[in-house]
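Heads up, the next two complexes both have chain A, just with different partners, chain B and then chain C.
Let's turn to the complex of A and B:
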């Protein structure tokens, strides 16, 4: 026994080293793959950015007509049309993602607090698996429900004929709108946020909230001031994950809002919510049929590049936010 | 731990062997096709009939993905035939041969609750161009209120055909709702009593098809050439077709059996 001890330890050591090398190689391969992907997308997208400069991000003209002109470019590569002002897409992406994530965060926070602290045992036992199931539903199913049920309902019942007439020469209000997009997207991203927040709230030591209770604070206040605060980094992580999912959501949004490259104007009052829009990801889905037309394909890659950059910024922002909240966590991360 | 390894090796062999068997059995020539979703249903029916007729002389592989996907696939040699529902464009790669296989009718459709008795070229251009936005100013319409126009995305073959055949130089209404497929237009028009849109004839089920210039959008009127809204369907090859593909294209354009298949929902060239 005494003689074999060090040998086994040594062997275990070697196995560890081998595993370390293998995992390291895999991690490096993943990094390399990401680097290649970014380089590839940007190389493909370059002509579109180079031709338009900063005006690419600006507003101007009708985006759908610009896309048609790009698609119908003449055959000579030196005559390719690239002129594009992508502002309506960028604006719609920020608008729909932003509203959905804010709504989703509030909803999921309340739901998580209810599940952790207020729900009776049997309800908690059913709610939790249901939330996890909802988080795993593929987005195309939400899209189908959206286009078969919600869009016609809004178009035929909710939006009045007078409202449709008031803007009829500018835009048509047929039900596919930012409101339906935000509604469905919120329903889509909330479950995953609830699941993460529940785990986070539960990992707050009972002694902390009990301490607060011992000082005479009621349950709601103890949860709000102690539990929520301690769980903040995880909640930020949940919001980041949800934002990433919302940013990349393409099929569903293409089905329920991705109709017109239009920048809805908040000054229109209630009508604003019934106006259609198209996000960057939905544009890539809608335009995928024309990828083989070179300038059109390069324009689609430019949209993809913008999405890549924004998700990179998102990860970085999330890291910063978590760093600044480190003081609230139990152990240094 | 160790007993698992031989098992995994055996499993790997079994998988490898089963994969190897498949190509070995298929010694017959294979025709691969990709492209237009409008052509795909026709191509599938034709292929089935062709295999039955020639006693299984070839095998087919059919993929979809839109006209431009088919054209770029055939240009790069990934497939034997690229299916396209649009006419050749100046940006298409050189050396391609567009073999016309059939005509297809593009129908103007409205909701069943609004059976528009007819429309002419000026009417189509006014509605889809956005200068007429209210059903009350469309003669014969039983709907009232704003017109909801549904069109295809700019990159679609059907949109290309619609612009050329019906709109000419009129620019599409910029507020029109864009949909990514024939099926989505069909669904949207079915769900909205104020809707108008256009689809390939085979997608007009459950909708009211509006007679164009006094001619109903039916398979018979399209065949007789009376119906104006027709487009061409193509099978594109790199250079003139050779071997099995040549025989297949000749069968489509010359044989009576193929014409019968085409004439179910499309219009044969014969």
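Let's turn to the complex of A and C:
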């Protein structure tokens, strides 16, 4: 044993070194994958951006007609049609994501505070599996319930015939609408925010809220002013995660929002919420059968590139927000 | 409640001083809406589960589960969803087999080695970016990569030099990416929670790092890893976009090539999610009854996976993000 010692140690050292390199290479492969993803998607998307310039992001014309013109491009590569103004999709994505995240944040804050400090024990015990279940239900099931139950309900009961007539020359109102999309999406993104916020509120040191109580404020105030504020970085992180989820939600939204490339007009008043729309991610799903048509496929990759950039910015923003707040408050993780 | 109040410091203390303080109207409204939010979440979950149960019992039959889907306008002849069910199971197994070792490997490297630290930081945010990337974007990126001719062994050659780019292999690989961040996160947390002296004890016994990892740290963190894997499987089972783009979402599982087993993996197919999608009013099948039945089975699988997570985490700290 003594004679073999140094040699074995050396060999061991080498296996350890090799394991480190192997695992490190595996981890670095993630970075390589992201680099590849960005490079591939942008290279493929380039013709669409290059042809339209900044007008790509602008409004103009009927997007569905533009897309079918692209789809039916002549087969000669020099005659490919690329003209596209993607504004309705960008607008719908921002609109649906934005409203859902705002609603989801409010709902999840309230639910998290309820769970941490006010719920009776049995209710807290029920809410944990409930939140986990809501987070785990596949989006296609949300979509199915949306399109078979909620959309017909809105189409038949909520939207009056006069309302349908008032915009019948512009758009058909059948219940598939941004409102249904927003409602279902809010239910989908709330659970993840609740889970993160509950964990964050729990990690607020008891002495902090006790201090507030000692100053004579009630339970609600103590939690809202001290607890929520201390947990702010985690709440921001949760909202960003939820935004990324909402941005990428394709299947459910393509099922319940009517999938019409239409930019709902806020000037229509309440009707606005009943108007259909289509988001970027839903557009890619709808167009996935035409990916092999070169100009059409390239247009779809352009939408994907935009989503990719947005989600990368969100990750970066989340990191930045957490870092800047870490000094003053409790950091997540 | 009283036992709970004692275990939770602030709640216990605060509820005792409740009598002495004043509740303004705003506070009362806030408290009421907090109750409402909690009750609303319960109601939504109950509504979804009960409605799916009702529809499931109404439309599900053994015949549907055990018959192959067929093309046909007449719904009584369009068969069941045996193939999508097999597809879901196969795809989940493939993706998990890829994601679990890779995810654990990355987590081990990040917590136990992590040098150079710049690279470790970059990998950390890289995993976060993968987690934030929409699955539909991952899907069409996968299509781009796996249509390269030299990767045609993973699917099959559609035209000479160009791979078809859609198969169980390909879909499984991209699917593993959506499970990866969950597994990395859970495994990292589990490894972090092992006290430093455990590692030091192992080194003191003459073990090197990699055998400490294999013999001590991984066994100690297997619950955390198990949770991550189960959560990842839930994600995989529920994803539709990747299956639509990368598995072809064909009616039946459609093997390609001559070697049994391998031909299945190289072939196209569908899963329960795409079956539901295609049978909903937006798809071509247009049979809501069958969509409900398949969605019910899908929901059962998801609930079962949730239950597994519950079993694994039982008796540990009541973390809500798990």
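To be clear about the criterion, the second predicted complex is superposed on the first by the 304 of 333 C-alpha atoms of A that agree within 3 Å, B and C clash if a C-alpha of one lies under 4 Å from a C-alpha of the other, contacts with A are read in each partner's own complex, and residues count from 1 in each chain.
The rule is short, and it goes like this: a residue touches a chain if its C-beta (ideal position, glycine included) is under 8 Å from a C-beta of that chain, and two chains touch if they have at least 3 such contacts.
Being a predicted model, the structure only gives us computed values, none of them experimental.
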Using the superposition on chain A, decide if chain B and chain C clash or fit.
clash
Examine A:288 and indicate which partner it touches, taking first as chain B and second as chain C; both and neither are also allowed.
both
Mind working out whether A:148 is in touch with chain B, chain C, both or neither, as first, second, both or neither?
both
May I ask you to decide whether A:254 touches chain B, chain C, both, or neither, giving the answer as first, second, both or neither?
both
Could you say whether A:217 touches chain B, chain C, both of them, or neither, answering first, second, both or neither?
second
Figure out whether A:62 sits in contact with chain B (first) or chain C (second), or with both, or with neither.
first
In the superposed arrangement, which partner chain does A:75 touch: chain B (first), chain C (second), both, or neither?
first
Comparing chain B against chain C, which has contacts with more of the residues in chain A?
C
By the touch definition above, which chain A residues appear in both interfaces, chain B in one complex and chain C in the other?
147-148, 254-255, 259, 285, 288, 291
Residue numbers of chain A touching chain C in their complex, please.
12-13, 15-16, 19-20, 22-24, 26-28, 30-31, 33-34, 36-37, 40-41, 44, 107-108, 110-111, 113-121, 123-124, 126-134, 136-141, 143-145, 147-149, 187, 190-191, 194-196, 198-199, 206, 209-210, 213, 216-222, 224, 241, 244, 247-251, 254-255, 259, 281, 284-285, 288, 291, 300-301, 304, 307-308, 311-312, 314-316, 318-319
Quick one: in the complex, what on chain A touches chain B?
62, 64-65, 67-68, 71-75, 147-148, 151-152, 155-156, 161, 164-165, 168-176, 254-255, 258-260, 262, 276, 285-294, 296
Looking at the complex, which residues from chain C come into contact with chain A?
1, 3-4, 8-11, 13-15, 17-18, 20-23, 27, 30-31, 33-38, 40-42, 44-45, 48-49, 51-52, 102, 105-106, 108-110, 113, 115, 119-120, 122-123, 125-141, 143-145, 177, 180, 208-210, 213, 234, 237-241, 244-245, 273, 276-277, 280-282, 288, 291-292, 295, 298-299, 302-303, 305-306, 309-310, 318-321
The answer for chain B against chain A in the complex is residues 65-69, 71-72, 89-92, 130, 133-134, 144-150, 153-157, 171-172, 174-180, 184, 187-188, 191-195
